[in-house]
């Protein structure tokens, strides 16, 4: 779950969400991971048992780079991977390739976000661990990608498999309910990338339980 | 001291440097602050008594912004301020103004980096707490700005005072020794912005003691 | 007048607009200038007598820079100046300073766009020929900055004069009619920066005549 | 041939180079194309018979975008295609896809630059007309990619064909002589992307004749 930069998802807020997710993960056996802002990576990695991802790392080698975040520093803070190329933090294609190589060297998982099936196919050629396809116009909205544009998910799954069968496809944008998750899995996705729908839910636990029910159906 | 993104300045490395600086600060009465990467802000803020700055915050309001760092989240992690517009992370002028307003609202100090006296004068009009003038061509080098281009420092001090006498001027780039610090202060600077010279020093304590001697001379 | 990147303002379209403006300029004695896309600079400079500005130049020296536009090349194509830092093409502050110096060396006029009075004051310290203050939220809209937010104009005029009395202030955003122009001039502006209101007008000549009437009132 | 932003390649300079290339193209039957800066597209398109490419177009629809260049405006100025994602003007991956679609709709050819074989493979999935692989560290240097890193060329050719056999592969970086061209063609490239080696040559005609001899060998 991508916690973005909401008022509700910094510091103690992110910790409360992560703890609720962890409890649901334990109860249901469904895997959850959490991507807080960089300031909170270490807090969540040391205070919960959830896998913690960075939301972004920069395509620079370690060295004299002010205000840049390296995969190596993310790992040292406790991250097990990173989102890459989120539609709110897009990268140049050569930089995606560079970051993926760096993450691999660090033993960190990569989740590259894409905006449509064709871009998913291109990114698959760079060999990430996961591709999360998210049509930008649905991000933060009320309709799930798996309902509004199911072909984006199924086409991404198909095209990515043609290029590299080891790359697993997630989908995101508007995903909020167990039903959305179930539809995504039926379309061939192996999981979902979540954000505002759950991070800002009044009852994170109830919301996470609903999502988990979709994953297990 | 700007810890940048060096291999030596992440996690435990940054903590060791911060502790050495803190000890020197206590012994000498000279003020030090430290700017680690975002992952390490909370670690240094909770484990040391040094003022901790962010190296960068993004010019976005809190909300759905993946991979962005807000002043509010920096404060919650324990930062007391932020570098802004470092030459390795430059901002658009409207964004500098936005970030300064946000930092003020959060009660956080701002240290805006500039590259020459004319830009220092422009930035002074935006009302930051500090301006740190650093000619990019000297950053990471062996010769201090206060030796190589003293007029950049003295002109910045003079022009900034004309615009806003409350803005304090620091200088950086190549500053490594107590002598460099003393020269900077003679030129009108109220402090220095340090990076590789000390962060990568074999003996951080000795290096910091030398710097402090320059500040007290 | 900023012709932007509209379908109606490329090639022959931009030429027709420029000719209409030139005729009105001659008839009324009111000065007009035109900023077409880079492809059309030479066309308008050779086919009309209007002063032609570039919409943007890049902050790079002449050399191996693909897809970059230099002040020197703009001048050679017939431009007499350039917009700088338009809200749709913002620059870092150090780059604004660099571009202004280059434009000066080329004998080209500079029109730096700003988003509010405080940023206008900062930019004035960099010594441009003109500052065009345009609140981004009003750009392309139906209400003129001189009506909706007159204090942005009058404050910019006042603050810019404090810093450098040689810098002339224009205003833009929503400016469409002679009345808008008159109000702008009453607020202390020496001209206006126009775009969609006139470039997309059904009758460019009539629209330009109305604007000119405001300038002469 | 990419004319970049050199002092020697603006206005009349670009025209002289284009005329020399055109003469060699006619004499030798070898195809040349030229990519001047945006200001000079129309000049070269109307004054020579060479195919003219833009060095860059922006990933924005036509509309209110100051300082942006659209494929539609490039076509109207006489361009028959555009370079995309040159290492000196890199794009985000979603923007490459957007620009390629726009160029196709305009009937313009696309030449996407890449930095290595893996990125070539990724870009092939986006269906450009040409991919020009150019290791950035060799650009502007004295050793040709086909000599220094032949595997970058041959691997790109092989991987691109696997993804989309219609995409033709060019190579660039350090290419200056007929021998370099011949090596490139032996490695499977269908042409070369040239810049400083020829654009800055003392005798452009002699240089172009030498290159052409490599293409015909």
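By letter and in written order, the chains are A, B, C and D; residue numbering begins at 1 in each of them.
In the analysis below, contacts are C-beta pairs under 8 Å (C-beta built on N, C-alpha and C of every residue); 3 or more make two chains touch, one makes a residue touch a chain.
Quick caveat: nothing in here was measured; it's all calculated off a predicted structure.
Counted as hops between touching chains, the shortest connection from chain A to chain C is 2. Comparing the CA-atom centres of all chains against that of chain C, the greatest distance is found for A. Counting every residue number used by either copy at the chain C-chain D contact, over half are found in both chains.
Chain D has its Cα centroid 37 Å from the Cα centroid of chain A.
Averaging Cα coordinates per chain places chain C and chain D 33 Å apart. Centre-to-centre spacing of chain B and chain D amounts to 43 Å, using the average Cα coordinate of each chain.
Residues of chain A in contact with at least two other chains: 87. Every pair of chains that touch is listed here: A-B, A-D, B-C, C-D.
Within the complex formed with chain A, the chain D residues making contact are 85, 87, 90-97, 114-116, 118-119, 121-127, 159, 163. Chain A meets chain B in the complex at residues 2, 4-7, 10-12, 35, 37-43, 55-56, 58, 60, 62-70, 72-74, 76-77, 83, 86-89, 139-140, 195-196.
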